[in-house]
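Chains: A, B, C, D and E, in written order; residue numbering restarts at 1 for each.
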Amino acid sequence: MQYTVGSIAPIFLAPVIAFIINAFFGRKLPRNGDWLAVLSIFVSFVFSARIFGDFVFGQFATDYYIHKTFNWFDLSFGTHIFKVDMGIYIDNMAAIMLLMVSGIAFLIHLFSTWYMDHDSKHGRFFVFLPLFTSAMLGLVLSDNLLSMFMFWEVMGFCSYSLIGIYNEKEKAGDASLKAFMTTRVGDVFLLLGMVAIWMVIGSVSYVDIYSAIAQGKFDGQMVLGISFATFTAICIFLGAMGKSAQFPLHVWLPDAMMGPTPGSALIHAATMVTAGVWLSLRMYPLMVLGDITWFIAVIGAITAFGAATIAMVQTDIKAVLAYSTLSQLGYMMIGVGVGSYNAAFMHVITHAFFKACLFLSAGSIIHSVHEQEMPKLGGLKKYLPYTHFSMMCCTLAIAGIPFFSGFVSKDRILGDALYYGFMSGQNPLLAIVPILGFAGAGLTAFYMFRMMFLTFYGENKMHHDDHGHGHGHKDSHGHEAHGHDIHQEHLDFRSNVPLLILAVFTLGFWFAGNVAGQGFGNMFGAKNEWFKILVEAPKVEKFVERANQPFGSVDSRDTTELPKAQYHHQSGYAGPNPDDHKLHTAHVVGAGLSIVIAFLGVLIAFLMYIRKSIKPLASTFPGITALLKAKYNFDHFYVDVLIKQGLFGLNRFLAWFDMGVYDRFAIDGMATVNRVIFKASKWFDNVVIDAIGVDGTGVAVNLFNLVLRIFQSGKIQFYFIMLVMVLASYIWTLNI
Amino acid sequence: MNQTVVSYLAQYEFFDSLLALFGGNQGLLTFVIFMIFCLAIVGMCATIGGLGTYAERKISADIQARIGPNRVGPYGILQFLADGVKMMTKEDVMPFSADKFLFYLAPMLALVGVFATLAVLPFSTGFTLSDMNVGIFYLIAISSLVGVSVFLGGYASNSKWSMLGGMRGASQIISYEIPVTISILAITLLAGGMGFGTISAHQRGLPTNWFIFHNPFSFIAFFVYFVGALAETNRAPFDLPEAESELVSGYHTEYTGMRFGFFALAEYIEVFVVCGVGAALFLGGSNLPVDLSFDIIPLQLVEVVIFMTKALLLYYVVIWIRWTFPRLRVDQLMSICWKYLTPIAIFNLVGCAIWVVLFNGKSVAQLLMGGGH
Amino acid sequence: MFLQVLFLLSATLTIGCGIAVAVTRNLMHSCVFLLGTLIGIAGLYATLGADFVAVTQIMVYVGGIVILMLFAVMLTGGKDFVSRAQNLLGLAPSMGNKWTFALSGLVGVVFILTNVKLLMSVASSLPTKEINNELPSTVNEIGHLLVKDHVLAFELSSVLLLGALVGAAIIARPRKQ
Amino acid sequence: MISLTSYLLISLFLFVLGLVVMIARKNIVAILLGIELILNAAALNFVAYSRYVTNNLDGHVFSLFIIVVAAAEAAVGLAIVIRFFQIKESTHIDEATQLRN
Amino acid sequence: MTPTSFDGLMPVVIFMGIAVALFWGGHFASVLLAPSKPSHLKSTPYECGEQPVGSAWSMFNVRFYVVGLIFIIFDVESVLMFPVAAIFRELNDMGQGAYALIIFLSFISVLIEGIAYCWKKGDLDWVKSFQVSHKKRS
């Protein structure tokens, strides 16, 4: 197969072109150019599908990859090498990811043309949506951290714009700012990690990093008292945490549902949050080298469980889905942490499908009934049969019911986690990972079915109190909300067909190659386990001897040289390593356990909300419910404690210092100093105590204040001074 | 920065004996040769500038059916010497509220800006003082010093008339620089270079090879250039900065004596320079109408004469225009520049570019005669 | 020999006028001294064989930016204004006094020292190239670079200039009160 | 022969002068003058390196673009100054304390 | 023996030197030759016989600045076009004429956009700019 850049670039460029055209001429185009966006994503999808076909069904060996670079700039002279290459890097993982992103984005675009119809922000929405998608595709295509970081930031900007698209609503503005600022925290660390990597190996390309790891270039380097690899790995993982909304930096994601629902679908499913997981997977060798996988696993477990608990008490459909995303991201991180590379990536893919479908279904509901508070919904099944069907498929998938994709991927992760926590001889405290994981799985089943039952079953409350409530407070639709004659849903290629297509992919056998998923034998033969064959953690050794392909070259490597690896299910676990048996056991146990837990969760939900034989949570445990409703007070902590108490407090203190102390003692600035010194010397003989006690203090405070005032001056010229001084001190200290 | 008058002379044998005279010090010899030529050119230009004032008065008198200067020398031809002596002996008055530093600096800047342009003026193929690769571009650039000097002269006087004239003058000069530059850009595009040598080499031979006749666009470009050049040198009908009837004398109202003389000198030399540039760019420059296979110094002198003839003919046209057309209003001035000349100049540039691509750079004459060199 | 003379002249003009820009109180004079500095830098470019850049320097700066600055000084009165706002350290009543100059001088000295330190370390590792006095024309090569290697920057610079034109025209346009 | 270091020193000195202007003077136009000095110092460095270190004219192109950017910056900067002056009747930099009005 | 290529700059410096020398020479000549009887009235700025009121260094119309602004943008654009124009024929001879034309025309088109914008907004009108903008707003 001959690959040139021309056959890869359209994946990324088509949405960019759509973005540019829509940004400048969108208003003049019919329908604000939404068809253009859809078309461009379809072009991406076609090109991605070609790559996917070649990598998965074609003759490419398992570890085949395309890597093309061009020189971005080269400022090296003499012995100073300062050279940055940009390029594209496609391996199996990227091929799968590209297809997933472009495919789901295409369906979401298609759905959005229906959902955003007659919306005031229709045009702007279709400016940012293709850009968002293109940034994600570019991120997947990137061969180095730097260009990845650029796309990363573009995505950050796009998510900011999409979340805050109803910028006339204060809440949306706040949410978008929150998303932007919170991810910035992670990005700073990511940048730091990139700079650190650059300092050691002089490149941020993935393959360079892999080969540097293989060659041991990271060994023996220390920074801040910890090993360099650990330092960089932590920095990069913090970046991933910000983007993937892991535990301390998770606060932005639930608020991100302020935007239009398709935008949320894109953020939650295909693009934004998976970028962090993607980065962790790409940098997996570094994480292993830095020995922080246990940290990743713990963070993931906390996120998975914590988010699941919060999701139990949410009443907003989208909020439930948002917290379920958080929870599932936690599972992905658990997967990365416990070494279940394959399953973690598979969970990215499966989750993308069912979460996109869930969000689109929620969008469908909201668009149909203009309500998203679950207590006010109910009995929608007969009005929205297609939505109900697809949402039910996805719920089954996310809950981990066998035969569905979520079961396959999540339970592989959980099986590995079980092994990791109990059988691999790790620190016994790490048993918390599988415990929280399984608990979270049960909760997932519970809250998802709670959502389903409250929304689609029971009696329809919409007919009774039409005027009791206002609009759904999310999307400002053009038409009035009070005429709640819920229209019977018809099959429409823009509104339901995307849902149904996505629902098809919630079946497990697409990914696992057999019907049941792992742990129950291979009914249809292990050769269909394409996912396990194709995706594996990067083997860093093979990157040591590599040659850069120039950007314009045709990919001419002999692709059939290496046979495609075979995955033998039996031999895979029955190898010479005695641990393999334990692993197999763990998987079987884990699978069984999770099925039981999942059905338990469904049962409780059924009893609680259909049969009503168990009292709802709120009445049983009011305290816990309040805590959960407050989302563990994280927002309160960040806003009230960190910002209001900490930052504002510091501000107030400085202001008090400025106004109260400084102005009282030294109104005239330097003149007072002089006067006070003069007085002090004059009165030194007779009023020593007075001088020291009163004026001396004044002088001291004054001088101290002078320093403080300098730092708070707000004068641009002073900042020039500081800039130069800091730069100079930096250079002198580092002794460059 | 390659061809200079020194490198031209160096191909003759007497250069070596000259070099021996200077003890082999090539740098010194270069300097001396340049100095001689520079002084000669300055002398010539000063004379032309002086005669320009005379010619102006005489021609205007002819046009207005008067006699004009007729007392000093035969036909009053020594009038300009008398004027020069008069200026030198006039009292030097400076307004008490003037900015002394800038008051001195302004005429000097004008002189520097105008004189520096003379370095690249192509009097002949060999006697071009310095045929830089960026020749014409350099000329445009350095002559923009005049704009600064006009502004500073007006500012430094601290007189309302001067200030108004200075502001007007500066904005007029910079405005008209744009159509002029773009017209010259079209010629650069046709000639494939900015050096006067390159441009001249493309116009060798019969007048059909001149750039003015190269294609319809360059024909228009010449007139755009000429009008723009008139305005850049503050000549009538664009002499608003020094409009006698409105602004007394514009930016040099407060200048007397020698410094006024320098402003006037700079202005007249600049007119000569833009006429020379027009001749060199559009009218074939110093090229003989026939291609000769040999090159001797007298031939260069013939070329100088050809160049001067063309330049002075343009100079005559400039004076002619001054006494024929009424002065523009200031809003007309601006609209002519920005709404007529600049779009036309851009149109010409685009046309020339397309012409070069379509007809492979051949001129109309070459196309008509089928081929060319 | 001539090159050295030209270099010395240009360097003197550059540095001398640069100092004058910094210390002259009259803003109009500052602008005129800036003109000297810019012409000096053009001379330095010329000694480096960068004829096109040198002429561009004169064309854009002398013909354009300085005139624009002179206009701006004229339009803002060119006077020293006493700020009503509170100043840094309660110093600096108007445009620069001995305190600010002392402070900036200190900063400048620190900066020079730092840079000299950097230069010392870099200069040793700098490769030296054969310097020839016969320089080919830079114009053609710059032209080729502009249409080949830097064509995007070339086209984008026109957009930048358009943006600057539109933005500045909007800001500066006379408005009806 | 003139060495690279002499150019670098001139450019360094010019940069520092620009810095001094930007720090010490209070008129916004004067600060813009300082910025011009700094930009020129940078452009000079580019050309000097282009002549003495590299074998191509990329440095020239870079300084061309610096000049372009400087022109754009001066145009917009001075427009802002003029507008500022129309509002505040002053060009003192410390008067610039508000983002609106 | 060939002269060094920098010699081409020498006439420029010499001419500038001559200009400065001529200026100061003329100045000193006039100092020597001209009478000097300064008086206050003589050194008053000329205002057709009226007593000048106030300084001339007052604020001017902002239109001057707008003209300068348009000029500088066009100036810089033409500067950038010069090297491209200089090699245009060369490119055409190399068979890249169409490419060069596209590059060149796309650059110029932005220039034209600039002038069209200013034209439309009335920045090119010297006197009428107020009325035009007034009309447009009301």
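Brief remarks follow.
Everything that follows uses one rule, which is that a residue touches a chain if its C-beta (ideal position, glycine included) is under 8 Å from a C-beta of that chain, and two chains touch if they have at least 3 such contacts.
If you're wondering where the values come from, they're calculated on a predicted model, not measured in any experiment.
In summary, the chains found to touch both chain C and chain D are A, E. Shared contact partners of chain B and chain E, listed by label: C. Each step here moves to a touching chain, and the least such steps from chain A to chain E number 2.
Taking the mean of C-alpha positions as each chain's centre, the chain lying farthest from the centre of chain C is A. Using the average of C-alpha coordinates as each chain's centre, A ends up farthest from chain D.
Of all chains present, the one whose mean CA position sits nearest the global mean of protein CA atoms is D. The interface with the greater count of contacting C-beta pairs, when A-D is set against B-C, is B-C. A separation of 68 Å divides the Cα centre of chain A from that of chain B. Distance between chain centres (mean CA atoms), chain C to chain E: 18 Å. A separation of 33 Å divides the Cα centre of chain B from that of chain D.
Centre-to-centre separation between chain A and chain C, using Cα means, comes to 46 Å.
In chain B, 1-2, 30-31, 132, 137, 142, 155, 167, 170, 174, 177, 193-194 are the positions where the chain touches two or more neighbouring chains simultaneously.
Residue numbers of chain C whose C-beta contacts span two or more other chains: 2-3, 47, 49, 52, 56, 59-60, 63-65, 67-68, 71-72, 74-77, 88, 100, 103-104, 107, 111, 126-127, 135, 138-139, 142, 146, 157, 161, 164-165, 168-169, 172.
For chain A, the set of residues touching two or more other chains reads 77-78, 715, 717, 720-721, 724.
Which chains touch which is summed up as A-C, A-D, B-C, B-E, C-D, C-E, D-E. Remark: chain C residues 3-4, 7, 11, 14-15, 18-19, 21-22, 27, 30-31, 34, 37-38, 41, 44-45, 47-50, 52-53, 56-57, 60-61, 64-65, 68-69, 71-73, 75-77, 80-88, 92, 94-96, 100-101, 103-105, 107-108, 111-112, 115-116, 119, 123, 126-129, 131, 138, 141-142, 145-146, 149-150, 153, 157, 160-161, 163-165, 167-169, 171-172 touch chain D in the complex.
Only residues 19, 22-24, 31, 49, 53-54, 93-94, 97 of chain D touch chain A when the two sit together in their complex. Residues 88-91, 100, 103-104, 107, 110-111, 113-114, 117-118, 121, 125-127 of chain C are the ones touching chain A in the complex. Residues of chain E touching chain D in their complex: 62, 65, 69, 72-73, 75-76, 79-80. Of all the residues in chain A, the ones that touch chain D in their complex are 77-78, 714-717, 720-721, 724.
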